[in-house]
Amino acid sequence: MKIYFPSLPPKPELKKILYTVIFKTDTPAGKNFDIALLVTIVFSVLLAMLESVRSLQNFRNLFRILEWIITVLFTIEYVLRIYCSPNKRKYIFSFYGIIDLLAILPSFLGILFSTTRYLSIVRSLRLLRIFRIFKLSHFVKESDHLADSLKRSFSKILLFSYFIIIMVTILGSIMYMVEGNVNPSFSNIPESIYWAIVTITTVGYGDITPITFTGQLISSMVMLLGYSIIAVPSGIFTAEMIRPLRKKNIICDNCGNKEHDKDAKYCKQCGASLPDTKNKQKT
Amino acid sequence: MKIYFPSLPPKPELKKILYTVIFKTDTPAGKNFDIALLVTIVFSVLLAMLESVRSLQNFRNLFRILEWIITVLFTIEYVLRIYCSPNKRKYIFSFYGIIDLLAILPSFLGILFSTTRYLSIVRSLRLLRIFRIFKLSHFVKESDHLADSLKRSFSKILLFSYFIIIMVTILGSIMYMVEGNVNPSFSNIPESIYWAIVTITTVGYGDITPITFTGQLISSMVMLLGYSIIAVPSGIFTAEMIRPLRKKNIICDNCGNKEHDKDAKYCKQCGASLPDTKNKQKT
Amino acid sequence: MKIYFPSLPPKPELKKILYTVIFKTDTPAGKNFDIALLVTIVFSVLLAMLESVRSLQNFRNLFRILEWIITVLFTIEYVLRIYCSPNKRKYIFSFYGIIDLLAILPSFLGILFSTTRYLSIVRSLRLLRIFRIFKLSHFVKESDHLADSLKRSFSKILLFSYFIIIMVTILGSIMYMVEGNVNPSFSNIPESIYWAIVTITTVGYGDITPITFTGQLISSMVMLLGYSIIAVPSGIFTAEMIRPLRKKNIICDNCGNKEHDKDAKYCKQCGASLPDTKNKQKT
Amino acid sequence: MKIYFPSLPPKPELKKILYTVIFKTDTPAGKNFDIALLVTIVFSVLLAMLESVRSLQNFRNLFRILEWIITVLFTIEYVLRIYCSPNKRKYIFSFYGIIDLLAILPSFLGILFSTTRYLSIVRSLRLLRIFRIFKLSHFVKESDHLADSLKRSFSKILLFSYFIIIMVTILGSIMYMVEGNVNPSFSNIPESIYWAIVTITTVGYGDITPITFTGQLISSMVMLLGYSIIAVPSGIFTAEMIRPLRKKNIICDNCGNKEHDKDAKYCKQCGASLPDTKNKQKT
């Protein structure tokens, strides 16, 4: 953990150096700081896991002390991040700012409510910071493409989930009527809807299974349905993944339309000749 | 629930106002009515669920009373819909008209046959009406595209299901012959076919599992088969999802280019105006 | 079951009429015959299923008698098919010819070996004949496209299965070493390989599950692997499904190359001008 | 097993002949050698499997003797491979060289540590050599295409797995907090994370299942999530599978058309000969 610790410079200088170390991943100091951070996060998540294991109960005190040390470190880091941030408000309400807060909050809340302590594991979300370290690498571009495709397919998949939820509600209720009287597993409609979700998603725990002939017949149809419609999110997402391979960002000088085929010469919207794109070949 | 309740106007006026409130989702009154409706539906579905939970049996009478109130409200709404509809016949036999009827029927049938009462949960289908509320939004277009792709891939997926059903019939029978004598789970052919469906769809409840070596060998092959052919509905649907992103058969009068986007107005090859295609919309 | 039964004509005539009725699905007589056949097959398959159900044991004799009647009918049909077929050898060794034989064989073998009797259910394969009835319809074309894509992706999926089998062999053996001593479910390597297949295909019966920490860790990796590589058959098949939407059957007059893009004007192999395809637009 | 055994020729000759037999799969002698090798590998893997089966314990000594014979044969083969290899270093550290060593190592290590003996099953990896036998066939090209697509989608799928792992860590911890106190199955966080992986990958063993209402609600959401994001690896891989079917960046010197198939020699737009692309092969 090679963290720069220069002899304290005048105050405005200190702020600047801190900013470089904490926020600038493209400097050696910043990179080292971020790697040290990641190692600490992984270590901290492992601690929370081990603490929950009964056979290691003897070491529980050790785990707690270590966790508190890490929590204090993270708290100091959080305060420093706010301190040296040029735009404090922006950092606090940014994606990473909220995660940084969530990473320390559960430990403090854990003093009051013992169970919430394990929520400290949400600090594993801080591991997403790994993308900042490899900021300039090939990885981010791919991650961007993935995220982009996911975003565009999100509303369609949400729509699909809405249908699924209506469907499992009805299927679960039907199964409750069919199996409810003879099968103690189908004890009520929410339980039966849970069964329908377990079945249609092809998870199939087997904790609730039909025992009547009609129940098994309906189940079979639910399974075949689930097996077929698994195609829907696949189709939606694949279509989005492929799209950027097809359309290219040619902007029409005349009407501003941006969606053109790779080989288009004239704007399909206004008929104007498209700018030559031989130089911007790489997409 | 801000529903317009103007002081009763002369009769033909009343009918018109009712029509606006109930059917016109693009007016403020209509939108409010529809949102109130959706909230009532969700509430009603939750009621039916809670009624089935044994630990809440004390409140059962309350649930029933509330459900009857909702059923009466839905019945009034259904009568009003017929009353104010300009084309009564068309509404009654429309998709939503049938669902509206199905939403109230089970409660009345429930007086005669106690179990059918839970069928009132089919009123959750009324939640599909949500698409009418967001009628003008981006969502409907996506929903249309999805529905369109599903419709076109439907016959192919049906064909695929037909093969699957023939296959599981044979596989189930073979497993019955192999396991039937030693494994009480494979007690008859329908049960074994049920097992084959559970396995080939990768649901895998585990309520029926092979115990002989031959049985496990056959199962393994069934699993690998199911794991591979899950690709089939995915492939079918993805192909359909991608198609509309490709092209529509518009032929350029000038240069004969036939590959144009659905929304293209000018030929991308020569810039000529494309013929109007509003009449040949259906592909 | 309106089957034509004309008063016996002179022999060569009889053969011709029989041929029309049995083989020609596009004549009314042929269509009726085929529909009657399908109904009989479904009925026969249902019989075999019911016969295996213990609670219906009282009717077993009835089921057997009915099944024998159907077997005799199928045998007569098979003999007649050979008799009236213009090319007997070709029919006997054709796909449907073999299925027709398989449909009657198990019943006769069942006299000798009681268990094989249930194999009579392979006559459900005769249901594939349904495609002949709807021969001229839209369905066959789609079925052809599906079958074509499956055929082309078959060798790739086989290759993939070969890898999977090598993988599960190794994974199963590793799990046997890890779990074998403490977990009676992993009693030997074949059993452990069976577990690996159940897991990697995401079927997950749960009849064999890891109990050690290392075992669960390895299982988790196997699951994530299986969850990821399910993409492989999907990708292979989807690519094949999409292909015909792209390539078009233009044959180069010069070199015979058949793989050209939809919009190709010159052969990519020899540079010769491609024949005009405006008239063969529909693929 | 027709292996060439010529009467010993002078030493340098022997080396050459050995090289031909062992490494050259395109000669008859080489092909026969490789087929004999594959048969031996399959036999050896089966032996290791059978040895682990308790009911065949009586034959265990036989199995061990046979396995040692095969191990000795493989060792001789390995030594000969090194001996006759023109570039010994290159062979030893090649993919197949390492596998060949791994195939004999566990047996020798098994003398010291009894459990590692079963690792000898890694010799099933040698079955990958099958691709060398069918080197010139159609299969390799398809295998190459598959491997290529896998390689390119690997980093994206790794990224996806990274997200999944962060997600299951958090989901598992939440479930531990929800179910931990009432459900002995969720005994600690690692166990709960294992449950989350079993659920999100739709494997669904059912060895650990939620019993509280909140637990089942969260599970349902995890299942729907897993059912939806199975689309992600599919989309990634399908996009890669389709890409090579599309185009390669060859620019026509004559008309500038850039969309050509991988194997195109002449421009499809103007018929001009395309520039040689053998040097820019890697995309």
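Labels for the chains are A, B, C and D, by order of writing; each one numbers its residues from 1.
Operating definition for what follows: a contact is a pair of C-beta atoms (placed from the backbone, for glycine too) under 8 Å apart; a residue touches a chain by one contact, two chains touch by 3 or more.
Please read all numbers here as calculations on a predicted model, not as lab measurements.
**Student:** Taking all residue numbers at the chain C to chain D contact, is the shared part over half or under half, that is, same or different?
**Tutor:** different
**Student:** Matching A-D on over half of contact pairs, by residue number: which of A-B, A-C or B-D?
**Tutor:** Matching pair: A-B.
**Student:** Measuring from the mean C-alpha position of chain B to the mean C-alpha position of chain C, what distance in angstrom results?
**Tutor:** 29
**Student:** Would you mind pulling out the distance in Å between where the CA atoms of chain A average out and where those of chain C do?
**Tutor:** 41
**Student:** Hey, what residues on chain C touch two or more of the other chains?
**Tutor:** 160, 190, 193, 202-206, 226, 230, 234-236, 238, 242, 263, in rising order.
**Student:** Taking the touch rule as given, give the residues of chain A at its contact with chain D in the complex, in rising order.
**Tutor:** Checking each residue of chain A against chain D gives 45, 48-49, 52-54, 115-116, 118-119, 121-122, 124-125, 127-128, 130, 138-139, 142-143, 146, 149-150, 153, 157, 160-161, 164, 190-191, 193-194, 197-198, 200-207, 226, 230, 233-238, 240-242, 245, 262-263, 278, 281.
**Student:** What part of chain A is in contact with chain B in the complex they form?
**Tutor:** Chain A reaches chain B through residues 155-156, 159-160, 162, 166, 169-170, 173-174, 176-177, 180, 187-190, 193, 199, 202-206, 209, 213, 216, 219-220, 223-224, 226-232, 234-236, 238-239, 242-243, 246, 259-261, 263-273.
**Student:** Quick check: in the complex, which residue numbers of chain A touch chain C?
**Tutor:** Its residues touching chain C are 202-206, 234, 238.
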